[in-house]
Amino acid sequence: MQDLKGLVVENIPLTKEIYKLQISVPEEILPEIIPGSFAMLKIEAKGVFLRRPFSFADVDLKTGLVTFYIKLVGKGTGALREIHPGQEISMLLPLGRGFTVMPGKSLLVAGGIGIAPLNFLAREIIKKGGEISIIYGVKNEAMFIPEITKNFKNIEVYSEIPGPGKKGLVLDGLKAKDINSYDQIYLCGPNVMLQAAKPYLQNFSGLVEVSLESYMACGFGACLGCVVKVFSNNEIEYKKVCKDGPVFNFKEVVL
Amino acid sequence: MNLEVKIDELTLKNPVMPASGTFGFGLEFKDIFDLKNLGALVVKTITKNPRLGNRPPRVYEVSCGMINSIGLANPGWDYFREKILPQIKDLNDILILNIAGESVEEFEYLAREAQRFDEIKALELNVSCPNVSKGGIAFGTDLEALKQIVSSVRKIYSKTLIVKLTPNVTDITVYAKAAENAGADALTLINTFSGMVIDVKSKKPVLGNKHGGVSGPAIRPMAVKMVYDCFKAVSIPLIGVGGIDSKEAALEFFLAGATAIQVGSQNFVEPGFMPRLIRELGEYLREENIEGIAKLTGLAHRREENV
Amino acid sequence: MNLEVKIDELTLKNPVMPASGTFGFGLEFKDIFDLKNLGALVVKTITKNPRLGNRPPRVYEVSCGMINSIGLANPGWDYFREKILPQIKDLNDILILNIAGESVEEFEYLAREAQRFDEIKALELNVSCPNVSKGGIAFGTDLEALKQIVSSVRKIYSKTLIVKLTPNVTDITVYAKAAENAGADALTLINTFSGMVIDVKSKKPVLGNKHGGVSGPAIRPMAVKMVYDCFKAVSIPLIGVGGIDSKEAALEFFLAGATAIQVGSQNFVEPGFMPRLIRELGEYLREENIEGIAKLTGLAHRREENV
Amino acid sequence: MQDLKGLVVENIPLTKEIYKLQISVPEEILPEIIPGSFAMLKIEAKGVFLRRPFSFADVDLKTGLVTFYIKLVGKGTGALREIHPGQEISMLLPLGRGFTVMPGKSLLVAGGIGIAPLNFLAREIIKKGGEISIIYGVKNEAMFIPEITKNFKNIEVYSEIPGPGKKGLVLDGLKAKDINSYDQIYLCGPNVMLQAAKPYLQNFSGLVEVSLESYMACGFGACLGCVVKVFSNNEIEYKKVCKDGPVFNFKEVVL
């Protein structure tokens, strides 16, 4: 973990609710950034005290740029939208335990802004010679990031209300697949999506990983604030999303 | 220019240390700075038995601060002694163990254990956590219980004994005096303010445990006043804590009467804050031509008389 | 959608009123909005005799709030009755007189006077000001004194009697119950938190009176918790106050158990805040399809049980 | 008093410590703005809760622009320096009791940023056919606003440390004048300057007005926070700087 200053290079709206933030970071740190890891950004705005966590949605080793897809939800994400190219931003990074990139066929299941870390993961899997399919479910047009579908061939989009892609939920997409034709499955999305997917994936024999969210004060394991219940070795434990995760074995997580 | 301060028999190379529970066991900060720079290392509260802590959510932002209901989650004394103490004992010369108990006996048990370990230089009694149902704040607001805990531990523990008080009382000087009389060598002022945030969407308290403790700059004026009041009431050294996020904020505490200070929530926002603060305090002394930080302690009281 | 609320026998057309001392006598706000829009008009604390108040500086900014040591500066009852009351009696149907005394007798005197004026619809007893040396907060933290004041005033005053409590106590529910038992019809929760700011340059407390009362969003989580706790402890209506600066903040108080709310420091920052809040609360009820604001009172308690 | 939105038109540094902020305000309000009156500006920045008071340094009825000269002292004035042309700013205005503009010869005595309201006053006196002389004392170069000396002919500059104008204090300027040749005197500056000038002006027979500063929470008479001691009608009283002032009879003010 380092506390360093990044330089904002681009900050553009992608939809009414989502924007894309690109930040130039020092070269040395780039190799440490892996899919599923995240940064805590310091937002200098009225009423924002804590940093805010955002997953890396992409890293470009050549340009030294990291990309975030950010959904507008409150004062922090609201203020961050106003940051201009050329401004500096303090970032703690890289944080957390990322996805386990595996060979073979991977199914990536994203709900809403959950696509952010999976975009990065998909690129990484492809880079390492793996195969991917993506199910990308959104609520509506405002939550849909068009450039994602340009990045990947095997991607199916579902929209809760008529909008981009097919009408339906992520779960509909999952049901339409022969999940056993995949070697592993990765998920990121809202709790309702994860809860719905859970019984459906219970018997899947391969690795299933999920990237979780939780409210964080520090992001690096010091406050013990961000815990989730995990059932492993026949014991219920609280694990830190920021340090033991955000990527967990999906089957062990108590949602 | 001299940053050294004395707390009872201990000489701290500077007056800056982490507030318990905001620095883990220090290990998370090792990437960011060398913990030897700190005046002392104060660990997260340890209890006799392991504690899972409260159900999440456990932290949330509030105006100029945060609220937490961690609930003293910790691996318990045995695990701490076996697995953690060996890892951290060389991180800083002055290791302060913060402990809490659900009963006087648990405090006594932990004090007896701590007494055996040379690497533990002082005890900080947490009689003020608002997030546990048994013990916790109840001890800190019940004057008789406070006296009993402090004097019982005092009988067992011969090294430096620090008592950390809760601000959730009518008159903190009463508790400060009681702790002093019961044998405390120093006081840490203050723990968090009891508070609650309600989520307007779900119409429920945000925290899993409903209420929690408020920390951060929001509580600083109250903390400064308590240090100021206690400085007049007791003669043992005070360790000021509550919303320190800048050199100026730290100086307020010294001027009010603190001998040393602790940094809490700001560690989350800026993990390198403490070494920066130590550097800035040194620069401040140089610029202002003040011979030692100890000269600042309580200065706001002396100045008053000349008004 | 219905914003009406009842406090004892009074029906307020909406639950929003100014916090005493942050709205003068209302006259300063007349340019900004029609005071008839308010649920009630609460005036700055009036004492028997005129008070100059404390020496300046009397206000200062703190993190997410402010600190004040006005010291109940006011022109006294006679001047108020003769010169101010006639000017303000028609500004709003429900005029609430906030009073403080240095003794039980002074409270009684003012209550007797207030009883004579039909245009005064309710009394709010300020037993909680941290900025006066005689009476003030001492009454609010001394349980016996509180009981005595409330029951003495109750004997004299037959209209709506509201008691405003201080947060600077170990357990506010004890005081809330005492006030209820002594005859209060409603409680206002809370006055300011006792605090201090020290000026690093001059090395002295910033305020002329050294310490003062902290208000604003910084104290909101503590205020919300106190309303939540008192809602369980008493059955008279609660008026929530402390750091309300948005619709969401106001809703937290209703959900915690408030029947009405008061706006304090935010009036300084945005003098047109209260009419905006009233409008936004109306819109909220419409959007959420909630029949009346009164339905929200204490909802955070009920929701809990279903978890 | 109104609570309205102004549009920032210009915000430029004049010296290392002083910047000039020009804001376009609605036309109707312009005639109410008089020398000595001020505005409470709402600064949307981390850690700023209260508004901040600033005196009008000029008003242009034709362009609808108001000017402020602002000295950098802390977080509010620091954040305000970053506000861009095109941004809106919430202002309470006009506030306070202004100067009494009188015919004849006026002496204006400014210390530091105290020049702001006196600049406006000087223009107004000249407009009404009066005559003015200005003594403008500054600490150093960084506190000296060059454009002021371009605005007026009869202006003498003093600098505490060698810098613009003569070396010396405002008081030196005052002593060098035959003050009895003036009909009235107006002052604005730091307390030390006012204290030094006080005995010197005690016997002056004309009107002496001073614009005072004090820490303000509201700016419009509601909080009673901003009081100063005033001795009038043989009585010591606390008067509100924001409403009874900021302009007071200098002889009545207890400094």
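A, B, C and D are the chain letters, set down in written order, and residue numbers restart from 1 in every chain.
Keep in mind that, in the parts below, a residue touches a chain if its C-beta (ideal position, glycine included) is under 8 Å from a C-beta of that chain, and two chains touch if they have at least 3 such contacts.
Treat the numbers as computed from the prediction; the structure is a model and nothing was measured.
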Exercise. Find out how few touching-chain steps suffice to connect subunit B with subunit D.
Key: 2
Practice problem: Chains touching subunit B and subunit C alike, please list them. | Solution: none
Quiz item: Across all chain pairs, which one has the most C-beta contacts?
Solution: B-C
Quiz prompt | Distance between chain centroids, defined by C-alpha means - subunit A, subunit C (Å) | solution = 46
Quiz item: Centre to centre, by mean C-alpha position, how many angstrom separate subunit A and subunit B?
Solution: 36
Self-check item: Centroid spacing, where centroids are CA-atom means, of subunit A and subunit D in whole angstrom
Solution: 54
Exercise. Could you check subunit B for residues that touch two or more other chains and list them?
Key: 62-65, 216-217
Self-check item: Where subunit A touches two or more other chains, by residue
Solution: 47-48
Quiz item: Line, ring, star, complete or other: which one describes how these chains touch?
Solution: ring
Quiz prompt | Pairwise chain contacts, counting only pairs that touch as defined | solution = A-B, A-D, B-C, C-D
Exercise. Provide the residue numbers of subunit A that touch subunit D in the complex, in ascending order.
Key: 44-48
Self-check item: Touch list for subunit D against partner subunit C, complex
Solution: 1-3, 42, 47-51, 90, 92, 214-228, 237-238, 243
Quiz item: Taking the complex as given, what residues does subunit C use to touch subunit D?
Solution: 21-24, 28-29, 31-32, 44, 52-53, 56-66, 68, 70, 73, 216-217, 265, 267-272
Practice problem: In the complex, go through subunit C and note every residue touching subunit B. | Solution: 62-65, 67, 141, 168-171, 193-198, 200, 202-205, 210-211, 214, 216-222, 224-225, 228, 243, 248, 251-252, 255-256, 296, 299-300, 303-304, 307
